[in-house]
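My questions all concern the structure below.
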């Protein structure tokens, strides 16, 4: 069950992880992108931290919506609208259910709709899609997440900047997949799934 | 006595010398100038060669005037008008006398008037002035020329681009002094003075 | 990295501030954003607003083209990063005169998504919004299954065309028709001698050896299609023009506009020589462009390189639009 | 050396050809020279001709400022080498309308001598010629016993001023008076991050380490007055502005124009940040310039660096001249 408490804890850990891996994310974004993914995400989590700090006794919906708006208005680039949309869709859904599997599924639909990527296009969708599936079939876990991230390495990019490289994108991990991996790993670390 | 024959031979040797030392002259022009003196002189002697080749049975005056016009219209920069003026003054003077000492003295006056440099300003004048003097007192020769060129090394530049450097121009040979040295050395090599 | 900056995080706000305060006759900043609108508000009265923008690092694009006869506003994102929807939305609101707002978007996932989110926000407010997604870079093959081609220097010609039409009173629909008609006639391709250094990254996007060039690079150091030893300008021109010819089938019975664009660190000396070679090569086909521009228009920070844009002027009116007078910092 | 050129010897003719053929609406070449005159001949009718020029490598200077309201002609020498008197003379003849011709010369031995030889030739033909020798670079101390100061970016402001006055019918004497009055109010100083590479030389004029800058360099890689580690933009500004202040005694009761000039390889991003810092620093003295330009105007081929020019507008008319409309490639 996603709660306000869990969400806050999760965001704190996510913040710390992004802060630590900022340079690595930008480095991943260099051969097949424009080298800014770490900086983009850092601006985003800084914004999330600031915005959450201003909330007084928020509902889960308010919390998720605040995260979404911070990401949308701070990240920019491709990842901003995608992560922003993900949290916005979760905010929309959370009155109905607080089940992670259901919320993340709604988020994934939002990401797909916003960016038009399918599984196998070498984007964050390649982490979100199998992870949502894993949440339903019970295989969700750190190992599964790492595997999903790793799977992007051999893919040919068809969306985002990496797609301009065509076959030359093979052999590189997708930076958005990596940051999505961090998102799910910190969800686990925050106690998101027992 | 300066003759058409001697002048032609002289210019051939000067051409060969500039061609060979082009890079060195530009190199001298780098720390205290703008690195183009070799290229400038090369364009000049190319022009002199072409123009002289077109003359049919010229007088000495025509020959010197042709050299002057080729230098003026091909070299540009500071050295073009100066060398051009030098030969123009020689052309003006040569009806009166063909004595090298007198002709070069007229050329030197032209250079000084055109450029406003005095002896000791670290320019070609520091080769022309002692050389004109040496022609009168009999000390003219390769050794004397080399010494005049070398004397510019310790001078502080007061004219031309090198002057912007002030004291930092000390320790470098003046490129125009060097090319003037070549001019007088090739004059000797052409048989200009026995 | 040796750059005249203060701190990498402050690059965009300081740059936008410097630009706007240097040219108050053309530009003013929308408070609390890095979006810039015309200071000549009167020139927008009763007209469709024209908004563009994208990541920073392409100066003078986009803000340098804001002014009467060209853009109404431009939104400056972080370096090489699309601006966020709230900023784009602020620009849309600032230029809306009740006739709708037209967006010029370069075809990058980030730009498309952020601009479209802003459009959604504006439409919820009852502002009519239409858009063109510019994808003039022919170095990348087009495909339905990928992001498609990139938007590069040809975007500036799109700004010029639409700006002139908007200034003459074209409606939102007319602008959309014009943009869609012109777009397929604009083709760009570039060659790089060195990559750009994003201030926050601190090193070039890729490394080229002292004698190497790369054909087909993008304006964010996206890699191109071939790396080679440096060649004389006329051979670079032959390569790039042949690629454009494959797409446009250049033909003396048509009229063309030419945009030669320096990427930031390439001096005009080289750009004019390149132009000399392009004009010679076109002359072999008996083509003399009816409009030419040479200079730094869509740069990639401090990349050394050049791009070549050919715009087939299928309608006489387009040439008039290109020649239409404007009051901007950079056209 | 990695450059988009064909062969080093062909740089100037190909560049001039590329420029003129790209902009036939503004420029035409005088046959058998590398001198360029206005194609709008009618705009010169009955007016004093204004001729400038110098070594190439400073593009868009000088040819980019030829056109109605600014220069009548420009003479392009070899790279960093003054043009020859015959070419300057050809330009003088081409623009002479019987009202005389005014020359704008940068204070370098070569330029001064070649232009003055051309003036002698023109005067022998009965053409009245006057001149100004621009020496706005305050990095070098002035002295009667040396060449004096160099002419750099401020020359472009001189072109603008004189061009506007000439277009409004100023006589040869009036132009001389104007030029002499304005000159002492124009001060420029530069900082370099790297030196220019002359194509025929093939390597930079000097070497700076990866973290070094040099204050006070000239536009031909003439060394400056101090070498240091790179500093934040605001500290570079403080250093350069303090030097200008020593000469101009900046004061809020006066009006100033500001020219921030990129040296060729420095992107607009950095120039706008530098401008931000200059405007802030001037604001500390309660000075807001009434006219500002930021961009590549007087470059040094591919040098990275920037120059700062402050022009005290001692007469209101000078501001009008700066704002006077022109039709040129580059103003």
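We call the chains A, B, C and D, going by the order they appear; numbering starts again at 1 in every chain.
Just so it is clear, contacts are C-beta pairs under 8 Å (C-beta built on N, C-alpha and C of every residue); 3 or more make two chains touch, one makes a residue touch a chain.
Remember, it's a predicted structure, so these values are computed and weren't measured experimentally.
Under the contact definition stated at the top, no chain borders both subunit A and subunit C. If each chain is reduced to the centroid of its CA atoms, subunit B and subunit D end up 31 Å from each other. Subunit D has its Cα centroid 29 Å from the Cα centroid of subunit C. Chain geometry summary: the mean Cα position of subunit B and that of subunit C are 53 Å apart. Remark: subunit A and subunit B have CA centroids separated by 75 Å (rounded to whole angstrom). The multi-chain contact residues of subunit C, meaning those touching 2 or more other chains, are 79. Touching of two or more other chains is recorded for no residue of subunit B.
Under the contact rule defined at the top, the touching pairs of chains are A-C, B-D, C-D.
Per the touch definition, subunit D reaches subunit C in the complex via residues 2-7, 11, 14-19, 21-23, 56-57, 59-60, 64, 79, 191, 193-194, 210-211, 213, 230, 232-234, 236, 258, 260, 264-277, 279, 292-294, 296, 299, 301-302, 304, 306.
Across the complex, subunit D is touched by residues 26, 30, 34-36, 39-40, 43, 72-82, 84, 114-115, 157-161, 163-166, 168 of subunit B.
Contacts from subunit D toward subunit B in the complex involve residues 55, 77-87, 108-110, 113-114, 117, 140-141, 145-147, 150, 198, 200-201, 205, 218, 220-223.
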